[in-house]
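Look for chain A in each of the two complexes below; its partner is chain B in the first and chain C in the second.
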Partner chain A sequence: MSLKLRNISWKIDKQWIIRDLNIDVKDGECLAILGPSGCGKSSTLRIIAGLEKANEGHVYIDNIDVTNTSPVDRKVGMVFQSYALFPHLSIAANLSLGLKIRGISRKEQEKRVSSILSIMQLDQYSDRLPSELSGGQRQRVALARALLREPSIYLLDEPMSNLDAQLREELRPELRRLVIYGEKPVLYVTHDQQEAMAMADRIAVLKNGNLEQIGTPEQLYKFPTSIFVASFIGRPQINILPVKKGLIKAIRPEHIQPKDEGIPAKVIHREWLGLNQIILLESSFGTLRMSCDPSVEIPSTLNIYWDAKNEHHFDAQTKKRIKN
Partner chain B sequence: MRKQNNLICLLVLWSLLPFCWQIYTSFSTPESILNPFTYQENRWTLQNYIQILSANPPFWRYLYNSLLVGLTSTAITILIATPAAYSLSKAKQHLSNTLKLLLLAAALFPYVLLFLSLLEIARAIGIANNLFALSIPYSALSMPLAVLLLNSAFSDLPNELEEAAIVEGLGLFQRIRWILIPLIAPAIASTSIIVFLFSWNEYPIALTWISDSKLITLTVAIARIAGSSVYSVPYGAYAAATVLGAIPLILIVLLFQKQIVSGLTQGAIKG
Partner chain C sequence: MYPILLLPALILLFGVFGIPIVRYIWLSFHTSSVLTDLLPIPNNGANWIRLFSDSRFWQDAIQTFRFAISSVILEILIAISIAILLNQTFKNRGIVRTITLLPWALPTTIMALSWRWIFNTPYGPIEQILTLFHLNSINILSSPKIAWFATVIADVWKTTPFIALIILAGLQTIPEDLYEAFKLEGGNEFSAFQKITLPLLQPYIFLGLLFRFAQAFGVFDLIQIMTGGGPASTTESLSLYAYLNALRYLDFGYSSTIIIATFILMIIFSLFTWILIRQTKSLLSIR
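And now, the complex of A and B:
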């Protein structure tokens, strides 16, 4: 176990940002920290890096308690949301600065920088300034800098949020490959559930500084432990049905099917997306989202049906999952 | 557009005409100064320059004195103000706001009110008639403004830059050396020039602290030239002295104009 967070709590003034957080990440494992803004996900990363100090709890990197270690000595490789490249230094100088500080010989510096530049396909940019690079290139430089740090752990804070959607998808496998190449634990902070599911081996969902659920993308999708996780994971969003006898049922859009006999519903909106089509329905259960094959012809009124075994049940009071 | 250009021309004339007049006067004979619009045979002369440069001590000596005082005051100010501004930018909001308000009050305080007491202090500790001692009050008086200017430069730097340097393993002094100083260099340049200018132009303290005629600074020397004769004002020599005194400043501003402009407008536009 290469990263352990034990009972981490952190507050600003009197407001708890993170409450009693416990997380383990193995070598070579990528854990996404997912949650809405203000849930404490970036703060968690900053506490691991040592940029903030937790009020309670301990951080272990490689089984060493680093809770009171200065961030300068922690050996974390961090990619910031803004990339935080040094604007006055060339790409090569950005990358070699850390090596120089650590007393690595000039020859060795050049060797390592040029090898990482070619891995990142940035060879021809070594003399450019960060401002002369595109967003995707800057992101790769930031990642290269983190890799050159030879850290015990990688921390990526929304590394793709400044890139456009297409570039994001292109870079995902690349980032994934480089991160695995590092063979170290990777923490990946994002608010994008799709990105989290695409990148991570496991996902930790945070809400108001509390860990809602941690597990593989599949576990989170199939067995969400709370309504919050159920609605946060999966697009189109899960349908939350009205409360009945202290029970909240939820059903994923792809589990709703048109059927000859069933619940009558009226189509109020449809999105044909090529891969599937999303139908917004008005029914006795309120508005429902249905996702089905794009070739299916949907009349403006229809009957729908779903298998009860696909329902998720939650307690109306605690919003937590009930075994069903 | 044309209207704007006219306005700019007017402004340039407004600020440059007196200086041009000064240059014109410095090359004129006493007769032509008194009758600028009548024709004269030998109206141009170098006599004014020759006179002040061959005086005892020659005029360049005062330039040298002022330069010396200016450089030492600037160096002392920047060396102290930079770390002060950095720590101020790291202080808690409440504390830093209070301190900045106090600094602003100090920067706006009319220092002329202090010069008598400063003179008393200089006498008491025996540093009168010492050129380098002048840089003590000069740097002290420029300090509040310098700290404020540099602080705003530090505060404008995105926090993530320094944090990136921290996780890269750079200690405090390494961050200052490799990241912070290079990034606020324009602000340091413009602040240096403001401090240097203050020292170059300062008169009351220079007048009262220094009496040895070999050690007086430019401003005092120019005043002495102007008041050297009971019966006349030597306009020509006076003008020549001011022209010579302005040349180093013009050179500095021309040399650093890019840094000065980018320093003064730093933070106005986010890059």
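And now, the complex of A and C:
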């Protein structure tokens, strides 16, 4: 185990931001911390980096308790959401600044910076200022700075959120290649469930500072332990059916199919997306989302059906999963 | 696209800047005093010849530079410290920020009178404190060696808040992330100030510098009230000298010459400062 969080709690004034958080990340594993804004995901990263100090609990990096260690001695490679590049310094100076502070010889600085610049394909930009680079290039500089740190752990705080959707998808494989397929643990904070599923080996879903569920993307998708996780993971969103006898049933849109004998439903909206089509239906269960094959012809009224074994059952009181 | 739309603004600018400047240049080549019944009579540049050999003018020019440079440098140094303090999070920060601005909001006449009283001999508080500790009286405002510095102190007191405000605005544009990234790289707070805060504050510091220098170089009211230019003209500024020529000696021609000469000195010095700023810029940036 290369990163261990044990019973981490943190509060601002009297408000708990993180409650009793326990997380383990293995060497070479990428864990995404996923949740809506204000769930404590960035705070978790900052506590690991040592930028904030937890009120309770311990942080272990490589089995060493670093709870009271200074940020620099924790050797974390952090990529900030804003990239936090120094705007008045050239790219090369941005990268060598840390090496300089840590007393690495000038010759060695130049060697390491030029090698990382060529790995990142940023050679020709070494004399530019950050403002003269595109968003994707800036992100690469921020990554390069983290790599130069030779860290024990990588902390990526929404590294893609300042990029446009197309660039984000293009950069995913590159990011995985450079950082995530390494030998160090990687923590990847994001609010985008799709990105989390694409990038991470495991996902930790946070809600109001509590760990809601942790597991592989598949586990989270197939066996969500709460209604919150079920609705947060998977697009189009899961259908939550009305409460019946203290039980909430939920069904994924792709498990609903048109069938001759079934529940009558009326089409109120349709999105044909090429890969699939998403149909919004009005039925006795309320509004339902159905995702089906794009070649299927859908009339304006139809009967629908789903297999009961695909249903997810939750307790109406606790909103937690009931074994079924 | 429609340059004609600039016309109203240009007419206004020409009215308030152009006409007076042209008028003063014209007047500086004439004698217009009680001897000529204040009628301007051409004098073939006699005013300018007089200016170059007028030791009082050159003495005042040096004194004005001394005043402007000392007060602006002190103001910048103190303002940076104040701005950093005001940028911290603490209770009642809004109130403290407002209070800090108060000296700047005070009319110069009132604050100059107050400072004259503070430096008063033998009744002012400073002299009182000296007496309390059985020290000799300094007699600040009557001492030709230090009276000028008393005017600098008063000016610094009044205008530091203004620069502090500019620098505070600058500090707020620096994202917290940069300091955190710097900390993760192993930098301490002192080097963060040197390598992040100062370089990123540069434009704001230079803005304050230029603003304040232009203002301090034209100082009049503060000195007129605190010392009246004395003792022995050691605190006299160029504006004060121009004023005395016009309204005490009723020599409008020579007064105009002083005003135009001051104007030229000011432009030369601003250019010099601008070049200096460009030099420092490349010096401060870390490569």
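Please note the rule applied: the second predicted complex is superposed on the first by the 321 of 324 C-alpha atoms of A that agree within 3 Å, B and C clash if a C-alpha of one lies under 4 Å from a C-alpha of the other, contacts with A are read in each partner's own complex, and residues count from 1 in each chain.
Keep this in mind: a residue touches a chain if its C-beta (ideal position, glycine included) is under 8 Å from a C-beta of that chain, and two chains touch if they have at least 3 such contacts.
These numbers come from a predicted model, not from an experiment.
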Side-by-side fit of chain B and chain C on chain A, or clash: clash
Partner chain in contact with A:Tyr60 - chain B first, chain C second, else both or neither: neither
Touched partner set for A:Phe80, first chain B, second chain C, both or neither: both
First, second, both or neither for A:Ser90, with chain B first and chain C second: second
Touching partner for A:Ala49 - first (chain B), second (chain C), both, neither: both
Touched partner set for A:Ser131, first chain B, second chain C, both or neither: first
Contacts of A:Phe285 with chain B and chain C, given as first, second, both or neither: neither
Contacts of A:Arg149 with chain B and chain C, given as first, second, both or neither: both
Intersection of chain A interface sets (partners chain B, chain C): 49, 51, 71-72, 76, 78, 80-82, 84, 86-88, 97-98, 101-102, 145, 149
Residue ranges of chain C touching chain A (in the complex, touch as defined): 175, 177-178, 180-187, 191, 195-196, 199-200, 285-287
Residue ranges of chain A in contact with chain B within the complex: 49-51, 71-78, 80-82, 84-88, 97-98, 101-102, 131, 145, 149
Interfacial residue positions of chain A with respect to chain C in the complex: 49, 51, 71-72, 76, 78, 80-82, 84, 86-90, 93, 97-98, 101-102, 145, 149
Chain B - residues contacting chain A, complex: 158, 160-161, 163-171, 174, 178-179, 182-183, 271
